[in-house]
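Attaching a single structure in structure tokens format; questions to follow.
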């Protein structure tokens, strides 16, 4: 093989890498949820998990180096997700199309996730009677599931919840992750919408 | 003012520019639809259209230079949008799994679009009492707007609606488009997702 | 000092002074006071001394009732359910922050138009129902239209009556679903209105069974 051909082969490989990287990025952008290596492999037409991981990790690095409010994360179960960095959420969440959960249901959800599996009555005791409405809403959105156990209803979060929040599907691991998140959240309270300074500049 | 102070002021300005650029990017990402300069100004806390345009155009340039499947465009009506480049759509759109709306609200939305401007009560008469909930949801999602006219509430679809479905923002034109497409599609339904070729490359 | 002691009535001395010194009484635990002993010895002492003092007896009685009151209040206090211990305060985590992600949705213009098709179909139904409603109750003052309407209704009622009689003659139970069988929705609604008119004229009786949507028709008297 001539030197020229080798260069071309390298170039081709580089081209292919770039193209695949772009496809992975496009896939993560369109999905708006964590994707596993199989799905990503399907998009780039490769069955090699290693190849997908290599590409996705290169994407993580690319985003890390760019000054961008977006980030690509690798989750514990080898899934990847593209999302907005949390510190930007408060400023732009109003623009999100999907009606997002308000504070109350989010608190109830956090409580259930942290205490799961938990009896519905206990949630209501801790969060007040309006928690019934939250529980219904959360179940409708597929974030929690209710199972009857005699007269009680046992609540726990779903795999969709784990995916949505980029948390582990393993309850124990998830609880550890949650604890960490809560600690961070309590240190640095979210700025609310009211904080916008419209007189600035 | 000393030279050192000037440098600091410049640095501050640069920092501010970067921060605002990130906010514009975050806003366009989360919205997933074209945003006008007013909305973007609201996000960065500035009333200056010039400033917003300057930032948004810098973002266009930034994306142009990156090798990314995403692009930022300036539309004719001075709006800006972050979107997936068309050449990537076919490869990844299968990853979209969730509808914008479930059946009921979508029907109510279609009805409002077709009959707009329409009194809320009329919508409820035609669609049933559950339409109240649909209307609230549609308004929350920014797909319709409600204006009070005495005791009545007049409903019409928003520009976001037009943008989402690629229809004109001019009500008359939009209705004609709906009618025309309606006749065409209902006679000869388009084939759905199966059309995409996932075995490509 | 001695003089005052001498001048003081005997009951100002212990143990009876409890009954005559309210301040002292309030300082004591009522359950430590043996009222029967106090009162009996007080009476004995009075008899012994031959100093019958009704005022003093009245005061002693008043004080003893106060002691009883104090005792019963204490008892009631015991009756009260003990205060529930403060529930251990559970850790209520802060609200989870939803990650914001863009997500392409699957709804297309075709979905929208199919939804429109559906909405328009049901709209027709609603509009027709509404027009049927307005037909049946014409606005007051439109007498000529009203009489024309009623004339037409008379004819329709006769037709419906014949249908009912025919069914009944076959020995069948007449139900609305049989009468409306094979009819378009609008016609079904019209038929039902005619039935209502017949019932109103007392020519038929409409009845339903519990937990059933079916309306049954019985012919009234001989037609």
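A, B and C are the chain letters, set down in written order, and residue numbers restart from 1 in every chain.
In this section, a residue touches a chain if its C-beta (ideal position, glycine included) is under 8 Å from a C-beta of that chain, and two chains touch if they have at least 3 such contacts.
Quick caveat: nothing in here was measured; it's all calculated off a predicted structure.
Set against the Cα centre of chain B, the chain with the most distant centre is C.
No other two chains have as many C-beta pairs in contact as A-B.
Each chain gets one centre point, the mean of its Cα atoms, and the points for chain A and chain C are 45 Å apart. Annotation: 47 Å between the Cα-based centres of chain B and chain C.
Chain A and chain B have Cα centroids separated by 22 Å.
Counting partner chains per residue, chain C has residues 100, 102-104 touching two or more of them.
Among the residues of chain B, those in touch with two or more other chains are 29-30, 32, 84, 93, 95-97, 100. The touching residues of chain C, counted against chain B in their complex, run 100, 102-113, 115-120, 122-123, 126-127, 130. Against chain A, in their complex, chain C makes its touches with residues 87, 90-104.
Looking at the complex, you find that chain B touches chain A at residues 18, 21-23, 25-27, 29-33, 35, 39, 42-48, 51, 66-70, 84, 88, 91-93, 95-97, 100, 137, 140-142, 160, 198, 200-201.
Interface of chain B with chain C (complex): residues 29-30, 32, 84, 93, 95-101, 103, 106-111, 113-114, 125-128, 165-167, 178, 181-182, 185-186, 189-190, 192.
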